[in-house]
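Labels run A, B, C and D following the written order; every chain starts at residue 1.
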Amino acid sequence: MAIFADEVSVGEEQQQLLAVYRKVRGETEQLAEPLSAEDMQIQSMPDASPTKWHLAHTSWFFETFILNAYLPDYQLFDPHFNHLFNSYYNSLGTPFLRSRRGLVSRPDIGRVYAYRKAVDEGIERLLSEFPGASSLNALIVLGLNHEQQHQELLLTDIKHALSINPMAPAYCDMMPEEETAIVEPLRWLQIPGGCYGIGSEGEDFYFDNEGPAHQQLLQGFCIGSRLVTNGEYLAFIEDGGYQQHRLWLSDGWALVQQREQQQPLYWRETAKGWQQFGLHGLQPLNVAEPVYHLSFYEADAFATWSGKRLPTEFEWEAAACHLRQLDQLATANLLEKQAFKPLAAELGRTQFLGDLWEWTSSAYLPYQGFKAREDAVGEYNGKFMCNQKVLRGGSFATPSGHIRIGYRNFFYPHQAWQFTGIRLAGDSM
Amino acid sequence: MAIFADEVSVGEEQQQLLAVYRKVRGETEQLAEPLSAEDMQIQSMPDASPTKWHLAHTSWFFETFILNAYLPDYQLFDPHFNHLFNSYYNSLGTPFLRSRRGLVSRPDIGRVYAYRKAVDEGIERLLSEFPGASSLNALIVLGLNHEQQHQELLLTDIKHALSINPMAPAYCDMMPEEETAIVEPLRWLQIPGGCYGIGSEGEDFYFDNEGPAHQQLLQGFCIGSRLVTNGEYLAFIEDGGYQQHRLWLSDGWALVQQREQQQPLYWRETAKGWQQFGLHGLQPLNVAEPVYHLSFYEADAFATWSGKRLPTEFEWEAAACHLRQLDQLATANLLEKQAFKPLAAELGRTQFLGDLWEWTSSAYLPYQGFKAREDAVGEYNGKFMCNQKVLRGGSFATPSGHIRIGYRNFFYPHQAWQFTGIRLAGDSM
Amino acid sequence: MAIFADEVSVGEEQQQLLAVYRKVRGETEQLAEPLSAEDMQIQSMPDASPTKWHLAHTSWFFETFILNAYLPDYQLFDPHFNHLFNSYYNSLGTPFLRSRRGLVSRPDIGRVYAYRKAVDEGIERLLSEFPGASSLNALIVLGLNHEQQHQELLLTDIKHALSINPMAPAYCDMMPEEETAIVEPLRWLQIPGGCYGIGSEGEDFYFDNEGPAHQQLLQGFCIGSRLVTNGEYLAFIEDGGYQQHRLWLSDGWALVQQREQQQPLYWRETAKGWQQFGLHGLQPLNVAEPVYHLSFYEADAFATWSGKRLPTEFEWEAAACHLRQLDQLATANLLEKQAFKPLAAELGRTQFLGDLWEWTSSAYLPYQGFKAREDAVGEYNGKFMCNQKVLRGGSFATPSGHIRIGYRNFFYPHQAWQFTGIRLAGDSM
Amino acid sequence: MAIFADEVSVGEEQQQLLAVYRKVRGETEQLAEPLSAEDMQIQSMPDASPTKWHLAHTSWFFETFILNAYLPDYQLFDPHFNHLFNSYYNSLGTPFLRSRRGLVSRPDIGRVYAYRKAVDEGIERLLSEFPGASSLNALIVLGLNHEQQHQELLLTDIKHALSINPMAPAYCDMMPEEETAIVEPLRWLQIPGGCYGIGSEGEDFYFDNEGPAHQQLLQGFCIGSRLVTNGEYLAFIEDGGYQQHRLWLSDGWALVQQREQQQPLYWRETAKGWQQFGLHGLQPLNVAEPVYHLSFYEADAFATWSGKRLPTEFEWEAAACHLRQLDQLATANLLEKQAFKPLAAELGRTQFLGDLWEWTSSAYLPYQGFKAREDAVGEYNGKFMCNQKVLRGGSFATPSGHIRIGYRNFFYPHQAWQFTGIRLAGDSM
């Protein structure tokens, strides 16, 4: 999150940081507004968490790593909360069992909002009364980036939770205006081989897993000019894509067989044709929009069926830089647009940033020279560098200040409840 | 439930039935009063259901079997509810998956109360505008008994749900006054052998599984004068009861090993000694009170350790009749007392009725000549007559109008979240 | 097993016992003869055991309870065997994990036969050199009955193991001569109500669970004149028996749904019509023969569909005595006939003894006054008296000396790999 | 496998190929010689296969891809075998369920040897009667490399199977002579940064996953001069390595907690100190020998504890080439040595080839430009390129003709039953 445009004095810096803090914290609560106490309580699978938990856990992060460490005489709001709202920091004690987060009816939502308020007051006091050390400010910025990650998770998780309900309730009643412009045709952008700089560096915030910045030697390749659409994916289904073992990785084929899966997670074949459950409830499938909620296995099988492949994360990053995708950030479909869904690519829009997280073929591994921090915050990213795949580019649920070309998101290849999509690539033609 | 003391005219009968209806329905809602929307949402295991579901399901029973069948032009409150709030009546369509009841955030609790109100208005209209057929009245009485069963389940289920919370919240803050009178010593009541009449019959309501009434030939036996206490059970634990395989049925031993169980479900060994989680939160263990939340296996192992055994359901019923236990009904610890826990047996109190459901050694099987009804209501009891054990006598959570000497409750031998206790028996001495 | 017809002197008794011992032990080995070392090694599910294990375990029983206890200076054949071949006697140490019996390749079959030989020599020496105490003789008789139980289990288990093999290998190549006589029509035998003596007693061997003998008060009932046939069961299938939830107990319906079961365990619908896997391999289904390998749930659902019910174990025993079924023992289809399958009932043959074990509706519970022995042998029967159903009458795989009218076999209601069948009963007409 | 040293005529080539064929096939059978029919039958977990299955499956490979495709009028030895002994080639029909391979008692081992003989005769006939097309010869060479892979698997699998047996039987009674020379101290070999050629190419056989050969840009790094020893790993254990969550990847920590693991797979802490189960049975732990049977998680945690890391597969290959490790091939501890265990590193021996497969930090992914074959053989490698880790260098159970510096082996990070070890690496110092 690029917080400060220019050099500022310490006092101004604190004031600006506080303004950003208030903005981010407020945005989280806005996302929860359409939900009832019951909606915020439920957890539909161990991977997902209740809205109430997200609201509390993001506050616990500030309380634990900042208030408790930096604010003299700070009293914990409730000592039980360290156990209840710790996600996975073993250094801070055994976290409450993840799969049972939905069973914690107390504190109720009112008390969780009181918790948020108390933490906010603590941060305000800290920033106004104590001269900010740069390590403190860095932790606050980390906490805000952490909270922004949970803004997106809040949406993926409540979508999954509501999808269990046979009444298919909508999170949001207002559909975005359909942009009826001509859809970008799928073109192949050629990227020449050579050494490319990979990774984030510099003054602005980035996660530790985005560095160290380094060079990668790449062969020439081509990459798709936009995301794959529902219509294109439908052709894969109609061609028997879910029935042809040859298209699938072995683990993916086993999973599809075991789940008896025939279609993406939220697609439903009805008497009225294909429908899709989304944050706007159950809606007819729009063939021009990007296909989403695919596992890595589905993305890979589709690519194989297409005669293409997925890009590596290095190819993706090299292409995004080469094509100057950062210039499109201002108009990208990110959280601020409040579309709450991916949008069909208008002519010329490449969708590298926003719309959907794009599966890459790369395993989530450390860049050479990566070292996790020694303290509890060191558990943030490094310990997950096994068995997961890198995704790039952000989605319609990612806040605009939170995405970068070097940003590395990561999920297990079987997971499909995130806002994930496909961009194709190929060897140089 | 004995509803009408004497012969009454049709109009009066309808009025009396309506009064009972209002009373029972109101009592259910009173039980939910201490709970928040979040508390009423959660489901801590597939065996248990959310409070909100109990509130809705009991209304669904009236709507489905009565309003929809008997009230001309009745419109369903919400067509989705037939799927959502059907428990296990396959004749009425596939019920919503039991293990996911806690994931249904909508309807929220406000809409469920509106549902209850609409159903109540329907019943009021039906009873006031239409001359009651006896079959209709019988169904309403069945519906009320059904609702009373769910009153008890509401309490067992919310207790389990709250027990998951590390803060050990209390359902009820007010402890019953401790009765410090002398506790009944354990005596052995001798019951002679012979033929005993078993089963319910007559005009008053009873469930189909309590009949047909018939004779059983019993050998002489003795039976304990009160329930087994925490103190007595503690001696079993301290004697290594959970470590001695010889005391256990084979399936029970396997379960105890697999669960690594050392104590009853809600006991906790703390720095302050033994504590017990209950509807009043975490409290010190009172050795004079009856031990509860035992599986059948634990009850049986304790009996073996004691050199005794559990009674058969026929022995229990014969003893209860022989000893004229029905006379104690008025003073028994039942739901109306609002103790919300079993109480120590004062001198002379035998606890046959109320306090705790008593495991018998009898398998839950049909009495000879039993026939389930042909219609959907026929699924109420009969299809469960396998793999379960009979419990007798009611508990502190059973409404007084709901218990009879012939009443047969039934649960699986591994289940311990109900309000279950132990009465010992032995062969005639 | 009725071993001695008349009063005999001690020396003669030992000689007669030895002769029986040799006969029973030899019969076990004859059953294993058609099998290869590989056949004898495999275990197809935790419920079943390898042939090699049966051969070793039955010897372990004699070594542990008799040679090691009674023969001075007896040296264990191999100290590892006490762990490896203990079935479930926790008093004798932790048994080797049941589900892994098929993974013990050593001792190989040659060494297991050497073990058998060593144990046999020990027993011969014990019986010839030491004057037999009656407690010793009783243990040997128990050991022989135990071995006879394992003769039947050896056959049920190897049948299951071979059924996994897609080549459907036969245990036995020689089919019994088809008896083409007229098949007994299904008639209803009326048994009057009254008090009936139940249970085994007297000098001849019986298991502890068959006593104490006592009286049961029964209402009048009727009982089928023969076992249910494949043809009758086929009508149930064709009438949608596996699709109608109303016919099934709740636990049975859940199981059938989960297994997606449409037919009995070993039935296979092929292009050539219904076939059945048996000890003779895959054979066309014979509609006149008794249906077998049914779970209790299937037996119960069939009975419900028929408008009948299963008999209680008391009704079965009362009927068998009343109808003087013991007179048919000599001609019953038992192991000595080597049919290795149930046979169609010739005119007048009621099949109470032999052919198939008959599911009763009774739970396996102790008769009043039952006490298990205090020593390790006390684990034989008593600890299993929960969750199981009683079966009566023996099967084609039961040795003739091993069956009695009072004999109580028991299995879990979901189990179908035993030689189980159906006899119908009904209330008195 | 480098089969032909020089240019030869077609006839000579066929003769040489036949000689290699006979040698490889014979070696497989020699590995099975110490085993009984029962040993060869058992399967101790789904990952492992019975010896009998390996003997049959390797023959099925030749029968299916070569005899059936190339030999005119070839009759299948037994049509059932295509189903029974297909491993994972979905293009050839549904393979028999992997987890049930140990339940196939028939064909017995005699018939499997007859199958091998028939296939061998077919190959001999094919090679002598028909002029070898290069595609045919390439398939035979592939079949032989396939068989060599199964030689190693035969040993890993039988070791696991025998380890289940509480008698800890040895596969091989003769221990290799202990080489008591001075052990190589752990030194750090410096490898400069730069572009390195990666991947196999040329005329000699290599698997498709080893290509295309290409350049990788590497930063400078250092790499250990030998494998990590038991003694070094013991220090990790004694320092609480299995109790410190900070050392572990998140998935690894979860696994260790769930398994309650405290030590490597085959280590046993006994009254006589640490012992290790191996192909020579249970033996005292030798601290100078390389530690083996580690999961990737254990290898990674050890490296983290050491302040080092695992090498990438590119670093490993670059180092092996740079250090001219191929020169050590002739003296490496490979299958021909018949040590059946890893050996302590004599002074100067770096163990890059042989002794143990070395976990790298690299995910098993395709090199850019990799394309799997279109036919059934295309399922050999490509479909497994997800969720696995690359191992390099071969083990004491790898035939010498089967290993190359470019060879990429792959297993899941949780798997430890292969002959896996650790070589440390670090960033350039």
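Assume contacts are C-beta pairs under 8 Å (C-beta built on N, C-alpha and C of every residue); 3 or more make two chains touch, one makes a residue touch a chain.
These figures come from a predicted structure and were not determined experimentally.
**Student:** Average the CA atoms of each chain to get its centre, and name the chain whose centre is farthest from that of chain D.
**Tutor:** Most remote chain from chain D, centroid-wise, comes out as B.
**Student:** For the homomeric pair chain C and chain D, should the interface be classed as same or different, according to whether the shared residue numbers exceed half of all numbers used?
**Tutor:** Chain C vs chain D: same; shared/all numbers exceeds half.
**Student:** Averaging over Cα atoms per chain, report the distance between chain B and chain C in Å.
**Tutor:** Roughly 39 Å, centre to centre.
**Student:** Which integer distance in Å separates the CA centroid of chain C from that of chain D?
**Tutor:** 47
**Student:** If you average the CA atoms of chain A and of chain C, how many Å lie between those two points?
**Tutor:** Between these chains, centre-to-centre, one finds 61 Å.
**Student:** Out of chain D, which residues touch more than one other chain, so two or more?
**Tutor:** Within chain D, no residue contacts more than one other chain.
**Student:** Show which residues of chain C lie in contact with chain D when the two form their complex.
**Tutor:** Against chain D, chain C makes touches at 36-39, 41-44, 52, 80, 83-84, 96, 100, 102-106, 108-109, 161-162, 164-167, 169.
**Student:** Okay, in this complex, where on chain D does chain A touch?
**Tutor:** 88, 90-91, 195, 214-217, 219, 221, 245-246, 248-253, 296-297, 300, 312, 361-363, 365, 368-369, 378-379, 383-387, 413, 427
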